[in-house]
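So that you can tell them apart, the chains are marked A, B, C, D, E and F in the order they are listed, and the count of residues begins at 1 in each.
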Amino acid sequence: MKFVGFGEIMVRLAPDGYLRFPQVDHFNINYTGAEANMCVSLSYMGMDTEFVTRLPENDIADCAMRKMAMYGVDTSHVVRGGDRIGLYYLERGASQRPSKVIYDRKHTAISEARPEDFDWDEIFRDADWFHFTGITVPLGPRLGEICRQACVAAKEHGVKVSCDLNYRKALWTPEQAQQVMRPLMPYVDVLIANEEDAEKVLGVKAPDTDITAGKLSPEGYEQVARQLTEAYGFSAVGITMRGSISASVNEWSGLLYTGGKCYRSPKYTIQLVDRVGGGDSFASGLIYGFLHEFDAQKTLDFAVAASCLKQSIEYDFNLSTVEEVFRLMGGDGSGRVQR
Amino acid sequence: MKFVGFGEIMVRLAPDGYLRFPQVDHFNINYTGAEANMCVSLSYMGMDTEFVTRLPENDIADCAMRKMAMYGVDTSHVVRGGDRIGLYYLERGASQRPSKVIYDRKHTAISEARPEDFDWDEIFRDADWFHFTGITVPLGPRLGEICRQACVAAKEHGVKVSCDLNYRKALWTPEQAQQVMRPLMPYVDVLIANEEDAEKVLGVKAPDTDITAGKLSPEGYEQVARQLTEAYGFSAVGITMRGSISASVNEWSGLLYTGGKCYRSPKYTIQLVDRVGGGDSFASGLIYGFLHEFDAQKTLDFAVAASCLKQSIEYDFNLSTVEEVFRLMGGDGSGRVQR
Amino acid sequence: MKFVGFGEIMVRLAPDGYLRFPQVDHFNINYTGAEANMCVSLSYMGMDTEFVTRLPENDIADCAMRKMAMYGVDTSHVVRGGDRIGLYYLERGASQRPSKVIYDRKHTAISEARPEDFDWDEIFRDADWFHFTGITVPLGPRLGEICRQACVAAKEHGVKVSCDLNYRKALWTPEQAQQVMRPLMPYVDVLIANEEDAEKVLGVKAPDTDITAGKLSPEGYEQVARQLTEAYGFSAVGITMRGSISASVNEWSGLLYTGGKCYRSPKYTIQLVDRVGGGDSFASGLIYGFLHEFDAQKTLDFAVAASCLKQSIEYDFNLSTVEEVFRLMGGDGSGRVQR
Amino acid sequence: MKFVGFGEIMVRLAPDGYLRFPQVDHFNINYTGAEANMCVSLSYMGMDTEFVTRLPENDIADCAMRKMAMYGVDTSHVVRGGDRIGLYYLERGASQRPSKVIYDRKHTAISEARPEDFDWDEIFRDADWFHFTGITVPLGPRLGEICRQACVAAKEHGVKVSCDLNYRKALWTPEQAQQVMRPLMPYVDVLIANEEDAEKVLGVKAPDTDITAGKLSPEGYEQVARQLTEAYGFSAVGITMRGSISASVNEWSGLLYTGGKCYRSPKYTIQLVDRVGGGDSFASGLIYGFLHEFDAQKTLDFAVAASCLKQSIEYDFNLSTVEEVFRLMGGDGSGRVQR
Amino acid sequence: MKFVGFGEIMVRLAPDGYLRFPQVDHFNINYTGAEANMCVSLSYMGMDTEFVTRLPENDIADCAMRKMAMYGVDTSHVVRGGDRIGLYYLERGASQRPSKVIYDRKHTAISEARPEDFDWDEIFRDADWFHFTGITVPLGPRLGEICRQACVAAKEHGVKVSCDLNYRKALWTPEQAQQVMRPLMPYVDVLIANEEDAEKVLGVKAPDTDITAGKLSPEGYEQVARQLTEAYGFSAVGITMRGSISASVNEWSGLLYTGGKCYRSPKYTIQLVDRVGGGDSFASGLIYGFLHEFDAQKTLDFAVAASCLKQSIEYDFNLSTVEEVFRLMGGDGSGRVQR
Amino acid sequence: MKFVGFGEIMVRLAPDGYLRFPQVDHFNINYTGAEANMCVSLSYMGMDTEFVTRLPENDIADCAMRKMAMYGVDTSHVVRGGDRIGLYYLERGASQRPSKVIYDRKHTAISEARPEDFDWDEIFRDADWFHFTGITVPLGPRLGEICRQACVAAKEHGVKVSCDLNYRKALWTPEQAQQVMRPLMPYVDVLIANEEDAEKVLGVKAPDTDITAGKLSPEGYEQVARQLTEAYGFSAVGITMRGSISASVNEWSGLLYTGGKCYRSPKYTIQLVDRVGGGDSFASGLIYGFLHEFDAQKTLDFAVAASCLKQSIEYDFNLSTVEEVFRLMGGDGSGRVQR
């Protein structure tokens, strides 16, 4: 079974531990992007995956591709051209101090991609699933059209389509997001969102929710999922719910609305190692479950357990095996040494 | 508005993470001292600051001054001379294991400072606030007199004076402290203390308090603040209250007694990154509030929030902006990523 | 007073912090082994100790011996020969993700040791206590016999014998363990075990216990200790109880059965720095207490406090002084800075 | 005496030691740019300096400014705005393997600067010297005009002007360079160039020179300097000559043409630590000499010795004191320990 | 064009810089082996490559395979099984102090490989070249037979065969080597050897050579190459000549005997970064030249230049591009910065 | 055979690689002192050694003692007391930039030592050789007397005495040195000196020598050695000669005057890793040779080869085995890998 992700891969530059930017003389680097993270996660779980993007011809972009290759992700349809690979600086928060991200992702190779760069018929030849996110679409003026063409081709090839709304206020306004994303929704089989995405990107709001204050209402989200399904005909909607107790400890759970029913996962209390990539690993988990024909509850529980583990792992890739996810689902969150 | 601090700046040598001394082959270094930390904190919040001290003529002392300059602190009245810059070794505790400090701060340049080294009329020309602490006074035989002269000059220039009692048993006994510090109190406008300082340095004890056992009574501290105010005529007394659950998790709050009333802050539960410098950043926060004419409650809440953030930051400087402090005061301690 | 430990010392290779194996390009190294850890712990507490093992003639094995020497452990009866020093790779877990160990300890020098390598009469000349563990016995075909000879010699020299059952499923099955370990028990004065050891190694099970689910019954363990005492005539049985809340936070307590009575320790909640070596430091603490003729409750409390501190310390050695253990026993787990 | 530099400051990201890009998971960072390097070098030698640039409003740009402040450089006229601070990746060469630079410096804040951003009358109020380079001019469409206005203002304020041609083929072609740079030359008092700059930027070629083959003819350079002086009326022309024996060992010398005479320096054989910034520190040395009214030979020797020392120092700033330069000029290149 | 290498891949553990074993608390790790190094080198030059070995089922072996994958090497026919991946400790020498290697490579998965583990017909389906070395053969009792079967299959598939003699005295005696290696020589098209290999492995000695004293006679080597060719009918024999001036500086050149003629390369003086892997990269260079039908002189010069560059690169892989090798062959060893 | 050294052991704090002080945020630490270095070197060569000093009661001093113990040095007569362990900051030079040392070694425990602290009869019970240096004597007002008493006791116990003059201008003037050191010379059997020591400490100058200019005359040194022998009756005088080509490359040789004859060693060209401790390892080599009754030439050659190797090793201890020294003496300075 083969998964195809399309989007950006960036350089992430981050100080060690909890150091703030002015305190450091070196940055740890890794390569990340929502869809790239998902390719690695699914590849680590044993699936065939391919990541499609546009990258400049230089050693740093080569490094990003090598890192994908290291985890078994096929990069043979990556288009080379343009000037820059995007990057962002991440300062990790702790306790009451939030993490901080500084983006430098304009004028990148992917932002200047054109529809003719990608031969989707070729790319989808052996594919089973296609995924894109609401981060990728606003990166450049032609990315909405590229995603649309990919969706059309996916449908022609019998490839399932999923989309993680993933709203980023640094990239566009809710109005811009809704204008571009709504027309793409009819192609989407499985929708993934976190607490605020549905409202910002599709205009559907959970009642009685205040994220900053940590107030989350699963009932409200169920309503949101139902409304979304009715509006766009998704076969499933997955939603993550993060309770941010502090920058060091979070609660984490999810729900899945499918077949007219709403399933809820257990809630994990996580002592965070690295929360970035949590949503991507949830989406990967759902897709893994759907492709392996788990039932709805098992699919959701798998996705939540997988993304719980991710947050105990440094950097954005979820280096968790299927066996490790099942062990946690089976109730072993005790962290005893595996000898 | 310009803040002037007078005191010592030292080299701090500390192993990585939670390693104990015999386990390490390198030390992280930074430069620290109660008043120096406050200069950096206030400078980071946008104020003009100056740090006054005495340092030897060598590259390591230069490094300490450069680090001040990096954060915008004026060091133009630092006196050069003597043999040594002080230093201390810090081993960070965790869970039930306490942090450990080994001082090597005798015979330093500052300990041998003489009154004629400092021209306070010159130093206070554009100043608005002067601060010294109970750590600085016992460093050398002439430092009490130097602080007294500074206080007198401050009063002449209309400069407000604050003092953080900051008792250190490695430097003197309570008897010695009381003998030297009491005569300085009449010059002080704003007094800052933690739980045990008032008793050790000024002989005023909070009833029903046992710090090691983590037993803290806000009511007792209010009484202490009132007694202190009556005895010395302070315009305000700020007290920090630390509940040491373990070396990894602390509770943190404060109270402010001013105008005959006692104000209390919210209490934060902090997953500690580095607790050293917490009191200094509380003092900085109070001074920032007073100079910006916040009301009493806002001043206290600002100081407690600022010093809460400090403890999520490595090393002794509080690299928190005013905006970050306000965000926490506004209730956002969720630690969500700031993109 | 002199303690002698016999067993393996290995190279431990571990990524920094919480990184997983594929993410690293360097490993932190240290040298470890159950009995070696105990020698260091007891040496750090001021006792004379000697560690006996077999190691190859190469620089890496020399490093292991130098590290012992650094902490004052006598290694003058270490036998040199064979090809390899054992090693293991340790990946540290966090939150719901367990730690992971990969052993590479076959064909080592110690595994090929023969009885004639060790002159126990010589080794025990000034000794007071001998300790071996259930990790050492299965390492090679002749290690059971070697341990038996050591026990016999110990008895002749009036040396007390203790054994930590320390079952490792990677080394043998319960059946194999019981066959070899049971005949050694009559020589043992003090038995040490964790929750699952007694069942696996000696076939005695605590009722109503499910370790993975974190379910521990002190009453059950008391029963186990009584049964063991009746079966083998131990003068004391010490048992550790670990409540694995997560890979980041554990509960920790112990019980001691001696003189027909069962003593229980306070329970500590530990924010883990490094949990490996916890059991070894408990055993060391018991032995320290017995040799210094603490009463039973004090002996147990000392052992539990010592092993609680260990888990706030990186690597497997318990670098805690007697004074630090007493301070924690005295109730100071607040982690306030020791200046 | 005050020096003003105008140009770009960038983030430099470089692997440790001699590692190539695909081998690393972290980068060392520092902040650099030709004119910024010169400000730091001259500040380290005790001069007043100011660096003028345009930088975005974010923490990383703040870090660049703090690093300048740490070395005493005034940044009070830095204009804030735009999206990006430039950056480049540097891989250090060794032996036969050359160092490699990957630029990511398009669309930066400085590249979008406009003439009205800078109030040169204000900036030059207390200034004695102004410097710009041929790297800055091609960064954006309006930078030639900005430099011209700065030159005009400098002349009005009696401020000396120097320019380092510093040709970078990644930024423009020789044709473009000549078209923009030639009209600026009449404002320039002191011209600085390396072996290939004069030809590329001003069209004047040293006969019989092949840089790659390491063939350098001082006589040819003298001729170039004379021609340049005749064409543009420079009061002095300084040229560096690098003999690249390998990426690990270089020869280094310079010449100065002034008052119709040509002066030559000794030639140093340098075991390179970091060759980047060598030219900048030569230019700084010349300016230091001119401002302190050294005679021509001493000025040249000072500049060459200073830039020789720079190449034994990591990163691009020349952290050499005047005393250290004089010691080397005095013949002590023995590297004996200074206790 | 596809290259297949068969051999061992090991963990290499090395202190930072020039530190000796007792001085370190961490090791840098990478994965290496003669044939694996060659696969990476040729893959980095743009060729298809496959590496065949046997590795245990554990995370560390997975890491070795991921590292291969990162550089594009196909590992799809790697056989999984056995207990151990081999490892060695490397201490880097400097000046008069030699580098030191401690092997721990017995009982590894590859050493226990059996002929039936490998389906050479499948492996060679699209292959053009097969390579093995004299390091692989002595690793286990059946490896000579495995190599023989691979050679036979290679011949049947029209795949060229090369062998690097690579004598290691830690693995076997000259007598053992000659007995096993001689029968394999008739299958070999291209033989590669360093100064001492031909004598030790095939019994052919260069007259007048004393390697330790740095005495190398190209004439002698020519004679050796001729003798070898006459004895075994090689189409080409490549020999590297290392002049060990010290552990920090080496001379490096090679010769190629083919078609009855002997070609000599230029001699490079190398300031060593990491000399390990020099011979492997020479062999890779020869194979690259032969497969791309360079003429004999160009093939040799390419191989020597490539392996010269390798020695300026950390670790054992030659991360040099074809373009970089050509640039050095073209005479640019000046190490000037490539911007 | 047992060697006893008496002197200071200090903390050495040094940046990584070639970084200058203002560039670093961490220091590498090790523990060093002339006589301590010699104890470690001789212990590493297999001898019994003991180091005598006075150290304060704190963890950092404990670390220094543990490091000695790690290398097998007996520290059982170290006296504990006083406030401080000395320290110095070392910045490593390169090429034309010299290394730089900043001492902070006043008011240390050893500087306040008193004669009654040391029971030399006890210390020398099993000793064969006693060594002290001209660094130790000026550390405090009573150290000359302590050394004198040690010398007297040594003579009574038939223990040989050696002294390395080791002049440090930071500690005293030549006049002071001569006044104190001359009376100690009659007790000394073997005198060790570098180029400038004899002149500064004993007033005997080599003609025609200019160290800074790298001008060294072996003939002159022979004359010095003869004069010294005639004046004080030394049985042997060893002198090191360092030719400082640069901070990266040195020449190194020695001479030994004994029995009325002068022996000269080969001269090594060293690519320096760490030159500090070179003289100490020369002295250790001489003592090793004398105690093992090597003839004069072999003793000298051993000492020079040993100290050559030291300078390829980081930090001040000479971690070279006797076998390694003999290999270099035998002519193998080629640095080929020892597998």
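Here, a contact is a pair of C-beta atoms (placed from the backbone, for glycine too) under 8 Å apart; a residue touches a chain by one contact, two chains touch by 3 or more.
What you are looking at is a predicted structure, and each value in this text was computed from that prediction instead of being measured.
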Which one, C-E, A-D or B-D, has the same contacts as C-F for more than half of its contact pairs? B-D
Shared interface numbers for chain B and chain F above half of all numbers used, same, or below, different? same
Far-end chain from chain C, centres as C-alpha averages: D
In angstrom, rounded to a whole number, how far apart do the mean CA points of chain D and chain E lie? 44
Note the residues in chain C that touch 2 or more other chains, in rising order. 17, 22-23, 25, 66, 70-71, 100
Chain A residues touching chain C - in the complex, by the definition given at the top: 17, 70-71, 268, 270-273, 305, 308-309, 311-315, 319-320, 324, 328, 331-339
Applying the document's contact rule, which stretches of chain C touch chain E when the two form their complex? 13, 21-22, 24-30, 58-60, 62-63, 66, 83-84, 87, 89, 91, 100, 102, 104, 106-107
What part of chain E is in contact with chain F in the complex they form? 17-20, 22-23, 93-101, 103, 168-170, 211-214, 244-249, 275-276
If you look only at chain B, which of its residues touch chain D in the complex? 66-67, 69-72
